[in-house]
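Two complexes come next, and they have one chain in common, chain A, joined by chain B in the first and chain C in the second.
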Partner chain A sequence: MSTLYPRLPASAANERYAEIKDRSPAELVKDTDSTHLAQYFAPTGGTRVTAERLARLRELIVDLAEKKGFPHEPLGRSVHEFDTALARTLHTDMDLVPAEASVRPIWAFLALVLLPDVSVWRFPRLPGDRVLATDITRHVFGRLWWRAELLHEETRPDDPYHLLDVFPERNFDQILARRRSIGGSPELIRALAKEWPKNWPDTGETEALQDVLKYLMRRGAFQDLFGMPESLLRPEVSRTILEVRHGRTRDGSTPMPEGERVGRHARL
Partner chain B sequence: MTRPRWYSQPFPPAGSISAEGIKRTLGKPPIPWPAILVRESAQNSWDARVGGQPVSFTLALSVVPPQNANAWRTLLLEGAPHDARFPLRQILRGREGHSTYVRTLTISDRGTKGLGGPTRADTARGDEPRDWVSFVLNVGDPPDTKHGGGTYGYGKGILYQMSRAGTIVVHSRTMTAEGPEGRLIGICLGESMELADSQGEKKPFTGRHWWGRVESEHVEPLTGEEATATADALGLRPFAEGETGTDVVIIEPDFGDESDEDTAQYLADAVAWNLWPIMLEKRGPERLVPQVWNRGLRVPVPVPEKTRGLRTFVAAYRRLESDEGVHTLMCGNPKKALGRMALERQLIPPYEPPAAAQDLGITAAPHHVCLLRTPELVVKYHAGPEPISANLAYAGVFRAFDEMDRTYAAAEPPTHDDWVFAQLEGAERTYIRTTFVRIKERLAEFAKPAEVKVEGARAPLGAVSNFLGSLVAAATGSGAATALPTLPTAGSGGVGGNGPSDEGFDNGVAGDGGSSSTSDRPGPGARGGRASVRLDGEPYFENSEIGLLLVQDAVVVGSGRLVARGEVSITVADGSRELDPPEGSAQPMVVGWRTGPDEQEGDQLTLDDATAGQRLALVVRPVAETITQISVVTVRNGGTAGNGR
Partner chain C sequence: MAGKAVRAWPYRRAAGGIVTASNWILNPGSDDEREAPASLPDWDYQTRLRLRRRMTIDAVACRAATGLVVGHPLAISVRWHATPSLLRGAVAWVPLRDDVHEYDVDFDIAGERLGGVVHVETMIVLAAAGERRPAVAHLAGSSLWNDVLDIRLQGDAPLFPIALIPFSGSSLPHRAAWFLELGADLTASALGAIQLLVNQEHRRIADAVAKAASPNDVDRAVLSALRSDIVRTMLERALGEEEFSMAEDYGKDTLGSVLQGLVRTYLPDHLEDDLLEIRRIRSADPPLFAAMTQAATEFLAEER
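What follows is the complex of A and B.
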């Protein structure tokens, strides 16, 4: 059985967002709650979360934040570190199943009712999509839970979340942007994280990742990337990465040999 | 000066090998004569290369031109024995009431040394090259060309075997201390016979004959002015200033039941499949440039780098240079490095290799390892395990180390088309046997189908799809509708996956009812009398000089002015079109349209008076390992329809 979290309907969420978006984290510390008048639960599928449990979750997250200066100091350079730790905590302690985690109103509740102070502190000037969960892949908490879900490895009990910090935020966004296809396969994403070179030679890591993903999209059209186990995916992924890497370094120095670069302008 | 004439070799008192015996040394080869001819003669030409420039190697089928026919009869029959076992006479004279045209196959090489050295066999073997003696006079000379392919010289027997007359004419120019020297001689390897001499006494002859300047017991070639003038009279191709090389003219070549057209095509394919390692453009000046001609028309020789099937081998060969994925095959006891091997995989559409490749054992998608040693001429294609799919080809190249060349050469039968450990002994025998064992091991590892171990259903996957589902539901947009009256659409094809059951066709944009039912949906601005296009059947592959093409047949519906545009795109994993391709990646493109006999380049087709039922075809170049989507748009109102791309 999983835990069910309160859901905040869109209208209530918008109202609450307008209320908090211009206030500071320090002010909002006193304006948090574990219930909301408009909240509702899924009728079946688990046990409703208790107020104690919500309080404990809040405590854990606030602890993490306080280590980074919450509520008075801005987060600054340790964003990646904080997000990684937060992703771990959310994924281990919330006891969510993916079906529940893809319900947007639970994330709205978390960001706007339980932890508005942390939300504002993490995203100063609080953009709407970070808390309203119109898009979970942008949500202050939701995106992190999913990142952990897609990258965690049960076969590594010592450190199931060791892949979490391979991709910085904007690069992981590239993967989530393709969630309808390759981004939806945990196996593929883990394979990618494991094969991804640690020291990318030049800048352009994001562009390279984009190209790798594009090539995988091409392959995915006729190869079942969802059905393959990691042991088979890794060589495929590694080959694609190598090709892109090779192609990018070659592009800079020598022009590609004729025939390979016929492109659009070739004619019979 | 005496006229050149035939000299027949009598059996000396001490005995000699007969012509039949010489011919038999070649044995019964496992590959057809024309293929052996290509291999052996190319090997001779390649061994004779001057260096620093490509070797031009030409096979030309033709007939003796009428203006030279008389010279052939008068010159080449002088002193010829009157005997049924010397068929040249009958071939040149013709039978009563039959035309007398004589077919020839000329094998020429340029950028080669020509046949030099002494012109009689009884001079001592010095440092001088003895090409003339080995080629024209002796049989079975040991090799004297460093790293040469030929180890017996029996290969030339094929030249006589191919001729119905058993006769060849050799025209060579070679560099001597006094400058270039032309040499011309005729050689016949027929059947042993008994001939009566002038006193009427019968004597046995070996069946070997030479035509040239007859001396007391041997024949000297025509040289200098005489050679040039005679070659000219016979219509042989003259040598350019300073050029050296050799022409071998096979008189009345015998190709069995094959027509000359088919034979020329076979020779062109055989050249590509047997000689590709030395034809590669990357070799620069150190390569062989082949040409095949049939009655004055050039028959293109497939380019190895661009020929389906063959280019997989080329890719494996290149891998040998790159060191990536290259394995060194070792013999354990005695310890010895044998050679290097590389393998390459490729998805290819079903196809039938040319006859010349089939004769080498490649009857479907290649699953072979090409065996090479130092001369880099194909020894054989060694078959590996059949691939799991007919479309999944793999090709390998094994190249023996130079230090091992003598061993591998010794393992070759006279036709140089295999390595046979049984004819060796000791360590060498082990090396050859181990080579095949190691190749087999590598192939087993490589061709093994991937094992998919299913660990049972796990929750996350289904749950993730649930997650995805809710996101899709949240997505809003204007859909994929287009302002143009688009006629959907063909299926897809791609080198990656294709066929009627292919995903791209089933769930792509292909749309309802396939391609046939959506033909004449009128566009908003359509008026009567406008033509449109209906796609006909599924697209199919076609081979061409620029690679694999995808062709979609189409039919004109209605009559009048027709402007249609072909569009191609790549389908990606989520079933949509690729909008933003990876940097530097290959893109599919529309090559053009075929309208009956004509072709129009570019994606747009304009027909001023299209008629209903007229057949069209859209030619597209797909990208390997992708699903390529084809669609056709009928453009209605010129500029407004957005054809200004």
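What follows is the complex of A and C.
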């Protein structure tokens, strides 16, 4: 049984955004809530979240933030570490199913009603798309839940989130931006994360990822990249990475070290 | 049902006759066993999607027809794709044998990963890479044959989610009866981009929506007004947005494609000039446009 979260209509979300966007995290600590008058729930599909559960979720997230200086100190260089921990917490503790996690108004509720203080702290000068959920792949919380959903590995019960920190945010954005195509396949994204080289000889990692995604999308038109078992998929992904890497090396960047193995995880 | 040749393939594929596949059967082996329908109105996240079909494939003939070498490994692959989650996944991978022609393919997907429209694609693919030769598939996973089944879960309901809320607690006009929220992005999934908010403090509209399945005359009139106003609002949105075009491909089940469907249904006589004339009417003569949408939606018409 999944948990249903309150949904905040866009009109109410816009109004709330105007109220909070120029306030500080410390001011907003006293202006959080577990309900909103305009909220509504999906009619079926699970049980409605309780006030206690929302309070617990808030407590967990505020705890993570406080360890990084919330509400008075800026997040600074700990962004990646905080986001990774937050992704894990959201995915583990929300009991949310993918279909429900695709509903943008639930993310607007979380960012603007339950956790406006953390939202403003994570994204100072709060851009609208980070909280209004006009695009889940940009949302302060929604994008992290989806990162965890796409990268978590149930077959690794000891550490199902071990792939979460492979890609820095700007690179995972490249994948999330392609959710309608290859970015919607957890199997393909996990294969990419497992085969992605740990050390890049130059600063071209983001551009290389863009090229790899472009080649995979082209191949996906006639090659079954979403249905193949891992034992076939990972060599295909690895080969694509190597081709892109060699292509970029030929373009004049630093050559790939001799004998370097591509990929960071042993193939089973 | 059979795979449609909508793209130019860079290699030979298996022609009709080499692969045959039955229709998918829903809930095989249960009291509810039946041919998979186009929609499942009673589905929810707790319902697993269970399907089975029988396929007949002659692997030897398939290799010969597609130019593959004798013994090249082939497999049946079944994968799915759902909106609005946009998730994709694999559900079956069945290696083919030369001495077996009949295969029963079945799978079971947890409902929590689905929702909206589920596309189930069956493929015959290369189960290993081969040598590169002209006009012959060589990459592992290359598709030699495919077909697709679409099932709409929860019927058409999720395309038009309705929520009852008190408008007094919102920024909406407190005495309004309803408000239609439409997302800004025409390529966004329609399931998340359209939301009808009904004012639960407005007794007449709240009653009419609650009794939509068995309305009295007053409810029927109210629901007719609601329907007509929603259609007009959505058509206004389509026509008012310069970027909206009937020729554009917004993708399946997106807000843009839903708006295109509405234009085709309610303004079928205005498609030839890519909406130029109807856009002119809307801006130059709004009362005429309002009357046109009333007529198209049969506003307050006698029930036939």
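Note that in this section the second predicted complex is superposed on the first by the 252 of 268 C-alpha atoms of A that agree within 3 Å, B and C clash if a C-alpha of one lies under 4 Å from a C-alpha of the other, contacts with A are read in each partner's own complex, and residues count from 1 in each chain.
Everything that follows uses one rule, which is that contacts are C-beta pairs under 8 Å (C-beta built on N, C-alpha and C of every residue); 3 or more make two chains touch, one makes a residue touch a chain.
Keep in mind the model is a prediction, meaning the values are calculated, not measured.
K.L.:
After aligning the two structures on chain A, examine chain B and chain C and state clash or fit.
P.N.:
Once chain A is superposed (C-alpha atoms), there is a clash between chain B and chain C.
K.L.:
Scan A:P229 for contacts with chain B and chain C and give back first, second, both or neither.
P.N.:
A:P229 sits against chain B and chain C alike.
K.L.:
Just chain B (first), just chain C (second), both, or neither: which does A:D211 touch?
P.N.:
So A:D211 only meets chain B here.
K.L.:
With both complexes superposed on chain A, which partner does A:P105 reach: first (chain B), second (chain C), both or neither?
P.N.:
second
K.L.:
Applying the touch criterion given at the start, work out whether A:V244 contacts chain B, chain C, both or neither, answering first, second, both or neither.
P.N.:
first
K.L.:
Counting clashing C-alpha atoms after the superposition, which of 488-496, 524-532 or 560-568 on chain B is the one that bumps into chain C?
P.N.:
488-496
K.L.:
Which residues would you name on chain A as touching chain B in one complex and chain C in the other?
P.N.:
The overlap between the chain B and chain C interfaces on chain A comprises residues 97-99, 101-104, 134-135, 179-180, 184-186, 219, 221-223, 225-229, 232.
K.L.:
Please output the residues of chain A touching chain C within their complex, sorted ascending.
P.N.:
1-2, 7, 9-12, 14-15, 36-40, 42, 44-46, 97-105, 134-135, 179-180, 183-188, 219, 221-229, 232-233, 235-236
K.L.:
List the residues on chain A that touch chain B in their complex, please.
P.N.:
It comes out as residues 97-99, 101-104, 134-136, 146, 149-150, 178-182, 184-186, 207, 210-211, 214-223, 225-229, 231-232, 244, 247-248, 251, 256, 260-264, 266-268.
K.L.:
Using the touch definition from the top, list the residues of chain C that touch chain A in their complex.
P.N.:
So the residues of chain C touching chain A come out as 7, 9-11, 44-46, 77-79, 81-82, 84-90, 93, 112-116, 121, 123, 125, 127-128, 139-143, 161, 163-166, 168-172, 179, 181, 183-185, 189, 191-192, 195, 197, 251.
K.L.:
In the complex formed with chain A, which residues of chain B make contact?
P.N.:
Chain B residues touching chain A: 450, 452-455, 459-461, 463-468, 470-472, 474, 494, 496-497, 502-504, 544, 546, 570-575, 578, 580-587, 589, 591-592, 599, 601-602, 619, 621, 625-627.
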